[in-house]
Amino acid sequence: MTWAESADFFGQRGERFAENVRNYYRYCRSRDLFSTHAIVNPQTDRSKGSHQHDDAFAHLGVVEETKDGLIVRGAKMLATHGPTADELLVYPQPGIREGEERYVLAFGIPCATPGLRFICREPFDMGNQSEWDHPLGARFEEPDAVCVFNDVLIPWERVFLYGDVKMGNALFAQASIRNHTGHQTAIRGLAKCQLVTGTAIAMTRAIKSDSFLHVQEQLGELLAYLQLIEGAILMSERNAEPTGRGAVRPAYAPLQALRYHLPKMYARMVEVTQVLGAGGLLVNPMEADLRSEIGGDIARYYRGAGVDAERRTHIFKLAWDITGTQFGQRMVQYERYYAGDPVRVGAGYYLDHNVEHLLAQVERALKGSA
Amino acid sequence: MTWAESADFFGQRGERFAENVRNYYRYCRSRDLFSTHAIVNPQTDRSKGSHQHDDAFAHLGVVEETKDGLIVRGAKMLATHGPTADELLVYPQPGIREGEERYVLAFGIPCATPGLRFICREPFDMGNQSEWDHPLGARFEEPDAVCVFNDVLIPWERVFLYGDVKMGNALFAQASIRNHTGHQTAIRGLAKCQLVTGTAIAMTRAIKSDSFLHVQEQLGELLAYLQLIEGAILMSERNAEPTGRGAVRPAYAPLQALRYHLPKMYARMVEVTQVLGAGGLLVNPMEADLRSEIGGDIARYYRGAGVDAERRTHIFKLAWDITGTQFGQRMVQYERYYAGDPVRVGAGYYLDHNVEHLLAQVERALKGSA
Amino acid sequence: MTWAESADFFGQRGERFAENVRNYYRYCRSRDLFSTHAIVNPQTDRSKGSHQHDDAFAHLGVVEETKDGLIVRGAKMLATHGPTADELLVYPQPGIREGEERYVLAFGIPCATPGLRFICREPFDMGNQSEWDHPLGARFEEPDAVCVFNDVLIPWERVFLYGDVKMGNALFAQASIRNHTGHQTAIRGLAKCQLVTGTAIAMTRAIKSDSFLHVQEQLGELLAYLQLIEGAILMSERNAEPTGRGAVRPAYAPLQALRYHLPKMYARMVEVTQVLGAGGLLVNPMEADLRSEIGGDIARYYRGAGVDAERRTHIFKLAWDITGTQFGQRMVQYERYYAGDPVRVGAGYYLDHNVEHLLAQVERALKGSA
Amino acid sequence: MTWAESADFFGQRGERFAENVRNYYRYCRSRDLFSTHAIVNPQTDRSKGSHQHDDAFAHLGVVEETKDGLIVRGAKMLATHGPTADELLVYPQPGIREGEERYVLAFGIPCATPGLRFICREPFDMGNQSEWDHPLGARFEEPDAVCVFNDVLIPWERVFLYGDVKMGNALFAQASIRNHTGHQTAIRGLAKCQLVTGTAIAMTRAIKSDSFLHVQEQLGELLAYLQLIEGAILMSERNAEPTGRGAVRPAYAPLQALRYHLPKMYARMVEVTQVLGAGGLLVNPMEADLRSEIGGDIARYYRGAGVDAERRTHIFKLAWDITGTQFGQRMVQYERYYAGDPVRVGAGYYLDHNVEHLLAQVERALKGSA
């Protein structure tokens, strides 16, 4: 949506690119297509730019232009739901250097395009988990994939941006992408943080460890994070700004603040939940055990404070699924890297920030004493 | 103001208390009086309640009731600006136990009341600091004091609350005090945080250490805190709630979240500023040196990146005044303890919080898999 | 071994208990038996003591004494390798309160004793993991279990301690158990920390992200922890003390310092490894994929810096197995709680510590200025 | 001492340099001279090398060689006790780049050498503090200074190293300087850490706040750090290695681990002490007040738990002097930067470390599963 609204940005290199973006938006909208995206280069050698690798197509780049479109080769990561989505969106992120023209590419193609292959990571749910034992992992596993392009044709009408380093670096900001992805990232993050906090509370109540002062403080810490997150989202909406193209977009500054801090808060919440769950996270039997001959022993010895053994075990299962399983740890890692390397997110936030009002405050402090 | 608006709370024990509160508010307002307050008991023995000390009046309590008012004896801390204010407000904080009736007291009296003495801590500015050398400390030192009551008469018309443990514990919440003090605490904290962040930026720019990635990240971290603080304040205003007495008050939850997290953010900002200032914080000459025969050497060797030696030194002086002087460290400690023991602030936040919507979310996660 | 050496401790309640301990040691040694242990009460209701539960045998306790031995009922956790071990050792930990006599019990019995049941948690390796995909988890999974005693007879010759709160609280210190378990805990922890650190280094070298300053710093931080751990172990050996019974034991103070800090270091190492692994931890295909028709694409696009795709993937698999799988997160949790609740470990360390030399140092600082 | 022992290192550029070092050592030793040192370049513009500044002598460098010696100009920091020492030692630190030959300099000269000037920072003790009020600051203030060289002649017999980038970078390691300075840094750090820990304990005991679990945990955390520090020092001595010149030096690895971690531990200790001191750090009257007419009030209301008001106040004064005064905060900053920028200390630790045994461990983990 923000792409179509920002079509004039793409139009800088020719009106047909603007038109491509608008048409693609209408196409996806009218068919209600499910889209994934891949925007990061494979790690290969992090000390080198895309153009400095021995293999010129280690990272996705253009092999040649034809009258039908661009022939592209190489790999991009990390497309979540790659194999199950309808469409794949590829676009560049800031940080592109001179000489990397060949690798500046924005386009959208069907996932089923010939020559395009999704190589998935090992599945975390092999299909043999009970939903009771893994309340989240058995239901919500999302495959992550590397996209490999073996000389794939990107038809001209699906090319949005190509070969322009400056535009590649500007896209994220100028097409409002950072605003809109930032907003959905924050909303998604808030929902996850609420679930972790609620689970930590339910868990400690199940064994009344929430009667201890230091446990209460940690739960208070988590609850307070939720308010900070919600407040920043609210501010992004309250300070929404016109795009200059007839729409508004949520303010960038509070959203990007969450991009930096929310993954740290989330990791902290997961850690606190593990710490408060203690050994109880490592003793939970399986659903099948509850219905077996040992069910009686479980019913007697796995009880909590005012909750029966089945209920207590189920809550602890949920806590482990959030904090200790591959599903849970992937979520931690996913939030951490969804917005790119946190060090660069923080650094970029400083570099992009208008700090004049802060420096003016410093000036007043100095002047008063001059 | 919130006291007068909540006069009916005080009226629970007799209409005259409500009247006292209203009159006191009008009195202070019409004379534009400057008020300080003291609400914490002296540390003495933290393992004991007020009523368990050998000296029954180690903590401020009532000696006797007379027809003119209450005779009170004992000490309260920490009255900032005690000796320079017009009026002193004393009121109880939550956490009072049965048996401590004698110590539950809310009243307002002139600082100049006979028998009332303010014992100040050692001044941090002995009057010999140049404003240039200590841009903040030489101008904004605030004396902190313990209030000692040697059988002071509190006239009945100045007594607002007395002897009721339940009301003493409820006052903070029910009279909206926690909302309004929370709001001003947050605004004050935001202003301080902005000054520290601005100073850290000005300082690193003065020596271009902000060209390093890891320095940029730390500045980004600080800038992002500012957004979280501002967002939570905004949310407290956006979610303002009716007091039921014809006024509104800012929402408690986001403000209390700041009460817990803002002092930690502030301490972190001070730490980052010290880390980024490095050895440069420990070599600054005095204003007098700049004007002396060694002024030439200083001009040559204390230069920064694009700023002259005087400017660079002045910025680093400000940074040290915020982070390394008694003035600066008192601010850290003041924010940390303004709202009471952070452990109890966090714990209380959990205990007071309505978490039903979070537990409902847990329930949905469990139900889906039942 | 330390039990036998401390037999006189057990002998305080009768020489036969000392004899039992000595015989049991010889018995296990001569048969080379593999022993597990269970020393923590189930969580049930953490706000209550063992004797305050509705079910008097929620926690393991004595039902009656018979001429053959003690009949015990209830549960203990957390016996790692419970079902595969030969013998089970049960003993009390400090923190027992008056009134809990019935629950003070030390004994050793065969795991195959009638009426004793081990209820295992859900296995993390269901037997379908390739060793290449899970270099650790597919080989070293350790089952954790709750031990349930359904009126189990503990023969008198296997009872070591019974019904004495004071001795129950003293056992850990006076029988040198805390010294010897502390030593093995530290050695085990060091080995794990070395493996994580080595893996983090191998991983960043595989993609040359170790060319960045901030990555180098984090690797330096990890390497430095290893020295702190090794130094404390060395000191415990260097300051070994006579037990007064003809043997020596490693010094307690440095070992207990590791008990508090090592799990935090370990969790930090795991976190750093995840942060440095970034998205690369979430894209690894399975061994079978390498040998399949997509092997060529993997070979081309999963290469690292000077290492081929198979090698790079294998290293990242190891990193994920340490940090992101249930196997890896269980290790984090296991280290965190092996020595009991960290808050109480830290608190107990203070309460047990001889701090006279530190207070003397304070005295000198004060005296010099008196 | 380590300089003389490593004289052959300096001899690589001519035997006379070796001779200079040996003579200087004998000279200082026989006269029992007190030496300071300055090894860091002024901050000026941190994005530039010494040779890239507009002013070629912003950083200390050689103006010309004469038959009598080198004429040097520019500034070096941070010489503690500069003006009160006998001799000044200057030497290069690792990190010198090609092109900076002119700035590679090691020499030792009298502090009273003509043309050499020490510009001190503002004193923290203006001579008006009572020793009772400032038990440390009024007695142990150490002036820090920038050394300015206005065309100072360094006689040839006092030149130890000059103009060799490679040797400048190697000096720290090859002349065992990092070992010996690391050892004294660690010993000094341990003593400071012991004093802070002791003070935190004395302070909490004075008001019995050490009866709370979460306070106990924090004191345990601090005590445990002391063991880690002591252990690493012990290991450096236990693993002392021959220099190849007939002496031994303490092992580098554990000492450098402390260089990285000890300042963080120290800052943490200071923070914990502030947190535990709470408002009590901000209410202490002056010594003179105790002897004045308000002495009675102080005696009554500043008492602690089993300690009188004077004692309690004195302990809190010490705690504030360590944590809140310029004296105290300078110590935090001094430890933080004594060994150079912590980020680079950590990074260098990784780059210098022999990690073969760790990588071998990784190999075993991978091989077992190959």
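A, B, C and D are the chain letters, set down in written order, and residue numbers restart from 1 in every chain.
One rule holds for everything that comes next: contacts are C-beta pairs under 8 Å (C-beta built on N, C-alpha and C of every residue); 3 or more make two chains touch, one makes a residue touch a chain.
If you're wondering where the values come from, they're calculated on a predicted model, not measured in any experiment.
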Farthest chain from chain D, comparing Cα centres? A
Would you mind working out whether chain C and chain D touch using mostly the same residue numbers, over half shared, or mostly different ones? same
Roughly how far is chain A from chain B, going centre to centre by Cα mean, in whole Å? 38
Computed distance of Cα centres, chain D from chain A, in Å: 43
Could you say which residues in chain B touch two or more other chains, in rising order? 212-214, 217, 342-343
Chain A partner contacts - residues on chain B that touch it in the complex: 131-132, 134-136, 138-139, 194-195, 197-199, 201-202, 210, 213-214, 216-221, 223-228, 230-235, 238, 253-254, 256-258, 260-261, 314-315, 318, 342-351, 353, 355, 357-362, 365-366, 368-370
So in the complex, which bits of chain C are touching chain B? 212-214, 217
Within the complex, which stretch of chain B touches chain D? 40, 42-48, 55, 58, 74-75, 77-78, 117, 119-122, 126, 128, 133, 144-146, 148, 150, 207-209, 211-212, 214, 267, 271, 274-275, 277-286, 289, 294, 297-298, 300-306, 323-326, 328-330, 332-334, 336-337, 341-343
